[in-house]
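First chain A sits with chain B, and in the next complex the same chain sits with chain C.
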Partner chain A sequence: MTHLFDQELKVINIGLRSFKDTLDARNVKAVQVDWMPPLSVSPQAASIIAEKREQIEDANRAAVERILSGKPMLVGLGKALDTIPRMKENLLLHAGPPIEWKRMCGPMRGAIIGALIYEGLAGNPEDAERLAASGEIEFAPCHEHNAVGPMAGIISASMPVFIVKNDEFGNASYATMNEGLGKVLRYGAFNDEVIARLKWMERVLYPALRKAVERVERIDLKAIIAQALHMGDEVHNRNRAATSLLYRALAPQVVRTSERDAAASVLDFIGGNDHFFLNLSMAAAKASLDAARGIANSSIVVAMARNGTDFGVQLSGTGGQWFTGPAPVPDALFFPGFTKDDANPDIGDSAIAETYGLGGFAIAASPAIVQFVGGQARDALNYTLQMYEITAAENRAYQIPSLDFRGTPTGIDVITVVETGILPFIDTGVAHKKPGIGQVGAGVLSAPAEPFVKAYERLAEKVVKQNGRCGQFSSGFETQSTA
Partner chain B sequence: MMVKGIVKKGEYYDSLTLMTAARKLRELSGLLDSAIVMGTRENRAILEAAGLTVEEFRASTDADLLIAVKAEDALLAERALSEAESILKSVRTRADSSLAPLPRSIETALHLMPDANMTLISVAGKHAAGEAMRALRHGLHVMLFSDNVPLEREIALKEYAMEHHLLMMGPDCGTAIINGVPLAFANAVNRGDIGIVAAAGTGLQEVSCLISNAGAGISQAIGTGGRDVKEEVGGLMMLAALAMLSEDPSTRVIVLISKPPHFSVLEKIGKVTRTLGKPVVAAFLGTENDSIRRHGMLPAGSLHEAALLATALSQRKPVETVTTYFARLRNDLRVIGATEARKLQAQQKNVRGLFSGGTFCYEAQLLLRDDLDEIYSNAPTGKSQQLKNSLKSVKHTLVDLGADEFTVGRPHPMIDYSLRDRRIIEEAADPETAVVLFDIVLGYGANPDPLKEIVPAITSARKSTSQRQRYLPMVCSVTGTDKDPQNRAEVVRGLRDAGVIVAESNAAACLLTAFIVHPIEQSDCSHDTPV
Partner chain C sequence: MTHLFDQELKVINIGLRSFKDTLDARNVKAVQVDWMPPLSVSPQAASIIAEKREQIEDANRAAVERILSGKPMLVGLGKALDTIPRMKENLLLHAGPPIEWKRMCGPMRGAIIGALIYEGLAGNPEDAERLAASGEIEFAPCHEHNAVGPMAGIISASMPVFIVKNDEFGNASYATMNEGLGKVLRYGAFNDEVIARLKWMERVLYPALRKAVERVERIDLKAIIAQALHMGDEVHNRNRAATSLLYRALAPQVVRTSERDAAASVLDFIGGNDHFFLNLSMAAAKASLDAARGIANSSIVVAMARNGTDFGVQLSGTGGQWFTGPAPVPDALFFPGFTKDDANPDIGDSAIAETYGLGGFAIAASPAIVQFVGGQARDALNYTLQMYEITAAENRAYQIPSLDFRGTPTGIDVITVVETGILPFIDTGVAHKKPGIGQVGAGVLSAPAEPFVKAYERLAEKVVKQNGRCGQFSSGFETQSTA
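Presenting the complex of A and B:
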């Protein structure tokens, strides 16, 4: 201890800034911490977490290593019913944590109506609603079937899906093909145009892409994402570069394997949809994160997902349990004629991108979309820099050119989220709150605190069970569990 | 009349920033009252009591900012609200003007400065212990400025720090000087070979400044927080600091400062000091001299005496020179006291002490207890009695204006002089007031321009007494050095120009006060109360 007296004093100042001013005036080296109150958690949970910090950090290192070493590859396409585990004719998968029909938001109901019409299970919207409410149709989160879906995220039995395989660990993930912008099913639209497009995708797009992918065997999604980040994408709200790279990989094969008219319409469709890659970046994230599930004591987030009503979080160390809180309404730029009053609370599995160190976490790589975050490139940099505070690692593959190729902040640690009060920053699209209208804007938001607080408290309970410790404590929130 | 308020969700500012903003806001005309606070339960209760609450505040949380204004009409209230927002924005902009965002956690700060060795923590008490523990776990020494940390957390922090050979100064540690660096509220003092360990913040400031002004210097000044010497904490930090200073080759003389330690703690300290090999001066204000001597320490009856004893030891002068010095000082003060006393009217007999330093209020009660009967205080000690209403003086009153009751939602009186200014004018208006006694504390963290704050109040008080054909002596001490940003010499000159009698220490100011209320015309004063 005495050698403090022989060292140059270097100070971290947490709190009153005037103390730092004094140190500056005396030329003492000092760093100011912009401190904010932590999220409010039960003191018992906090003391358990503090006590078991080392075990948790060991577990986190293991979890993050699995996330970083994943090798997500596009290996094929198939029909949901034949491909997705435990898929059934009367099962609809949806975005976010579990939810029953009567709590579903407008756009999700809209997408379900559309899916039932598309499947031929209902002839019109009224029948579809009745059927959805009847109990004959089952609902389950995409996440619980190794799948992810943007916005409403509805996957029905005959929809074609991408198959993404994590070559490092052997697990797979699934996602539908992106429909484009405007009136689309995922934003809750279900008119004839929407259904017709879905039918075309099943009839023309799907076989063409299946044959093309079959011919190249696998497409390295990690490599595409890494390159796209160097080209101005964050692969959540901007997918232009990644879509172009995918197009470059697929186009010759599509031309070789499909007849001319079909090939042209397929390439027109992909070329005309800047977000075509989105569903693949999500599936890549899902395949990589799923490999890090189930590591005892780990506080790393393996899923953030919203169903338009609830925002849900899952941790590596707490099994399949969802921790939820009300989904917030995004802070967005709206299409002409729409305002925040039209906006539905946040929806979609696409926050899997942020969970994987992309999207909002990588927004510094994407100066083209800084209008979403305040208009200046520096704002985007600052958002990414802040996310390093709550992540356990820097990505080895995905880099930010403007931060001297620093790896993107990857592996959200729920403990640092609670301790710093910094909530994950998410890029997102905004759906109209009424069914049948579609997208009204795009923007950003911070995740709500409640799911993270619940996850933290539950982890503390689990850690005690795993490692033993006397005493009981109760969580401040009710937790919701799924079988 | 109109009360309006807004909630800014998730906007957090530190309390000093908010108080600065609130003060600027109060300068607006037409505004009757206002508040800018974080939405904690305590703050909401305060707003409720002040009639400054609106419905939206009810659902606010710790992390929400509440702005409330009371104005003559709705238009003025609206204007004040938008003014409040722009004031806050200007504060924020300054804070955010650097290119990179500031780190939000110790961990990220360590990323920027991997070889940091000290953490200075001043966040709200309920979060402070957690941050301190995090810092200790990273192997950082800690100075914990925050108060309202539960006792058991303090003990846990200090035990952890001991195990890991780390300094854990505080909680409620307002001042320290480590390796010559002033931390939080501290003064620019000479470096030297005197090490200080103090469980009393202003005590540390006073002793270090008096040492520096007497030509000696400070090696290290370590704060422990006031509760360290209580039985429950067991003097953990004082003992550790004592051990550090005993091993430190740059420290030759040690000064310990605190209110009386619990006897068990004094025993533990004594066990160390009896065999330390370095002289130890103890200003355990209120402890019997014999029980200090018994442990091989040199007792000091005042902060001033502690400083001069340490200085004599450091300068290798006999400690008797200190006795001689104080005898001369007493005589000088006696003469001044007698002169002042002659100018008083018969009914002027009460002392009114208005302190910004808690240790000074405490020391004044001890030093004046034999000279004044019936001392009242909001922080009574010894024979003093509890003031019923801290805002209203009775008989001899010595008030600690830095006590919690005065600092809720308002900066400490060392920063914000407004409360004391008002009180000086009030005391001057009381025909029975014989002396207004106060302190000025300079240094880093304190008000940058104390003269501008206090001279107008002194002038106004003086004007009101002279209109009533009365003379009122004002006596004060100025804790600081000429190297402090405020420059002690300039402040002393300004106060003297305003007619204030400036004594060289709080103890000297107290003694002078006693001589004014109980003048002794002869020079043969046989008192042996140390100054």
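Presenting the complex of A and C:
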């Protein structure tokens, strides 16, 4: 078998190290000259981090090992109120870091309006807005209740949720069932059709899936994700394969446990929505990453999440604290009639996929996503190669065929993000910025720098405290804390 | 967006042109120096072909346009006897070019034994062998009855078959339902378990699928194949995605038209066999290629098929004549306990996939297949790039993501095969050479040269007759004809 680059090429690569990796992978001799500017952090923080690098790396190895050894399993479904820790009837969970009603973006407000109508707490959009602003309704991040929600990510008390258990560590995560595309609650739509669909999901889809999962006891989400990566999904913006595999796992059980009409309508619904698996890939990521929280000194990112206003980051070594900055607007392919002017800034907990080494980090497995924003297959390859620069490990279970089945880049290290200036690459859906409209496109973006700089500096402070030196310092960004 | 090869590399490529294509695709300046030895053909034939090249290329454009514009649809199922043209109770159809009982390989004999027991024409293997050798049973290629069969490819009168219609040209093709892997009839196994499964398929699977397809009227196989190529299948040795998509299309209809127990067992069966789509991808290829038969002067290959003894080729411009040579043994990954010594030579009509630009020709879409025989992702890429050298077109519907969604190489031109010396690349299952054992592995191979040389020379003769020059000439190979 002859190979493409048996010819002796020599390259001096000035720029991203990942390009040299590609050359290495093709047996091309290459020399690396770096040029990428690091993010600007306080010199004190940088000096602490340099000094404590060994402890940090030990901590990171432990954190990453917990992420990689997680075994996320779908074990059941339940009503949010009965299932999600500390859920309440007047509590709405939302995507991203904490945010109050008056700072919420249009699609999140739209989804809240819809959820209040769905719950019967408001009779119309105007009443719902008043109620939401009144103080009677509480808001909290999904992430702070072991849950994740795509886009607006609203979870209310009556909504059915998937229960995903990390069989290795015993922790659980929760996510709603995916509604489909277009005019749906998570994109901020709330018309009658949206509410009727949510009611059908509660009345027909939920009991059918609950009984089907009960019959098989658990469905191995890690196995489905691993296969889906071999089938063109990155399980964030593309879930066709994972949905198909889940469908094959569920269908015979749905047939055995539900009446014919219910079974057929459930199969039609899931079969008609290539994104049905998305919420499960998010819950799998959440269950796996939560097991790596709270490891002292670790600079590994355990959550990236956006509420449509702020982009938030959490680290293993800095507890429940959120580090935030303004959410950017994605580059996107817009649906006919819409432009970037219509687009809301980046929104949703779905960046948990990237935090887990999937989505934009695994986009080499899914070049179709890059193609629809005008890129080529090699761009998809390069995005993934770049992400190896800022991650601490390669996933043993999740592989990328076009990179000779190399493991996906997993475990974002905020220190290498700062030092290389390479920001996490995310793919995402795009919501209209006004409430009530819905999805307007799908696209890609790089995470903003600010949350990573803040997280880095806070970690340095924590490391100092942990190791008996003291001081506080800042690049000038203010941090936001809820824990 | 920066690209991998923005650096100005320059390459002199001595060898396969396809490697230069890869460099071109990556914007690397390269100069091509060819060296591949052409196949040895008679000088008279070569001179005729050179002289008539323009007529041949006109004919090829017409042939290829018919292949590309085909619309293969699954439109129903029926019993072979009632459905396949000129089917008879004492007729067994088999894979590959024509062959008599005494020259048949072990797995084909095994499958015939099984089919005779299944039909109730023999009570045990010994009786079946006697009957098969007696002359009372007739044998004919599937291909000569508009059908295709994987591996041994045996179709007997009672077997249910898929009916695939080419909506563009009105012709139909037929194939059995896939039995699964391991001990199955098509790999030459014939024990009680094999016969019981075939009976269940006739009694339960067949009516369920017939009713399900009836309800939706037609299932677009071209659309499924196009999507599956974006999902890691090449729909010959890997059919997981296509099977999943077919499953999603069928399941709700099976639920609506069959009793619960039957529906559940049918879904379990299809869901448990990632190769279920294979026979349909073959029938889709057959229906599309048959529409390109009989175009005077065309050097396009319309069938490659193996009976486990001979490898046969048919051209559009040479009618029903088969050009044959000994079938080679594939390079394979063998199941534990088996080696190449156990392997039967290449067998089955499934090379219709490659004839249609799928399978080995689309293997860049499915690097997992190359990996299991020790290759790397770039080898898969290179195999596909090579196939562009010997094909007349790129498929508009079937694309390869890792080649920036380039169309699959489609329409093998026997003239460029001879001139470049590049032989069609095929992936395949491997049967044990003895009857009764079954599958022992899966692998890849290049087609043998002999059938292509014979086809080239016969085409030259036909072109001469068509255009009023006369003569007969030969490279020394003898041709075999049944039409």
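By our rule, the second predicted complex is superposed on the first by the 442 of 483 C-alpha atoms of A that agree within 3 Å, B and C clash if a C-alpha of one lies under 4 Å from a C-alpha of the other, contacts with A are read in each partner's own complex, and residues count from 1 in each chain.
The working rule: contacts are C-beta pairs under 8 Å (C-beta built on N, C-alpha and C of every residue); 3 or more make two chains touch, one makes a residue touch a chain.
These numbers come from a predicted model, not from an experiment.
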Considering only touches as defined above, state whether A:247 meets chain B (first), chain C (second), both or neither.
second
For A:368, using the defined touch cut-off, is the partner it touches chain B, chain C, both, or neither? Pick first, second, both or neither.
second
In the overlaid three-chain picture, which partner chain does A:232 touch, first (chain B) or second (chain C), both, or neither?
second
So, A:264: does it touch chain B (first), chain C (second), both, or neither?
second
Based on the superposed arrangement, let me know which partner A:401 touches: chain B (first), chain C (second), both, or neither?
second
Touching A:255 in the superposition: chain B (first), chain C (second), both, neither?
second
Mind working out whether A:389 is in touch with chain B, chain C, both or neither, as first, second, both or neither?
first
Report for A:376: first if it touches chain B alone, second if chain C alone, otherwise both or neither.
second
Looking at chain A, which of its residues have contacts with both chain B and chain C?
1-2, 4, 7, 9, 11-13, 15-16, 19, 22-23, 26, 378, 382
Residues of chain C defined as touching chain A within the complex
1-4, 7, 9, 11-13, 15-16, 19, 22-23, 26, 227, 230-233, 240-241, 244-245, 247-249, 251-252, 255-256, 260, 263-264, 267-268, 271, 367-368, 371, 375-379, 381-382, 401-405
Could you list, by residue number, the parts of chain A that touch chain B in their complex?
1-2, 4-5, 7-19, 22-23, 25-26, 28-29, 31-38, 40, 46, 50, 53, 378, 382, 385-386, 388-389, 416, 419-422
Using the touch rule from the top, collect the residues of chain B that touch chain A in their complex.
12, 14-17, 61-63, 95, 99-110, 112-113, 115-124, 127, 130-131, 133-135, 137, 140-141, 145-146, 165-167, 178-179, 181-184, 219-220, 240, 244, 247-248, 250, 444-445, 485
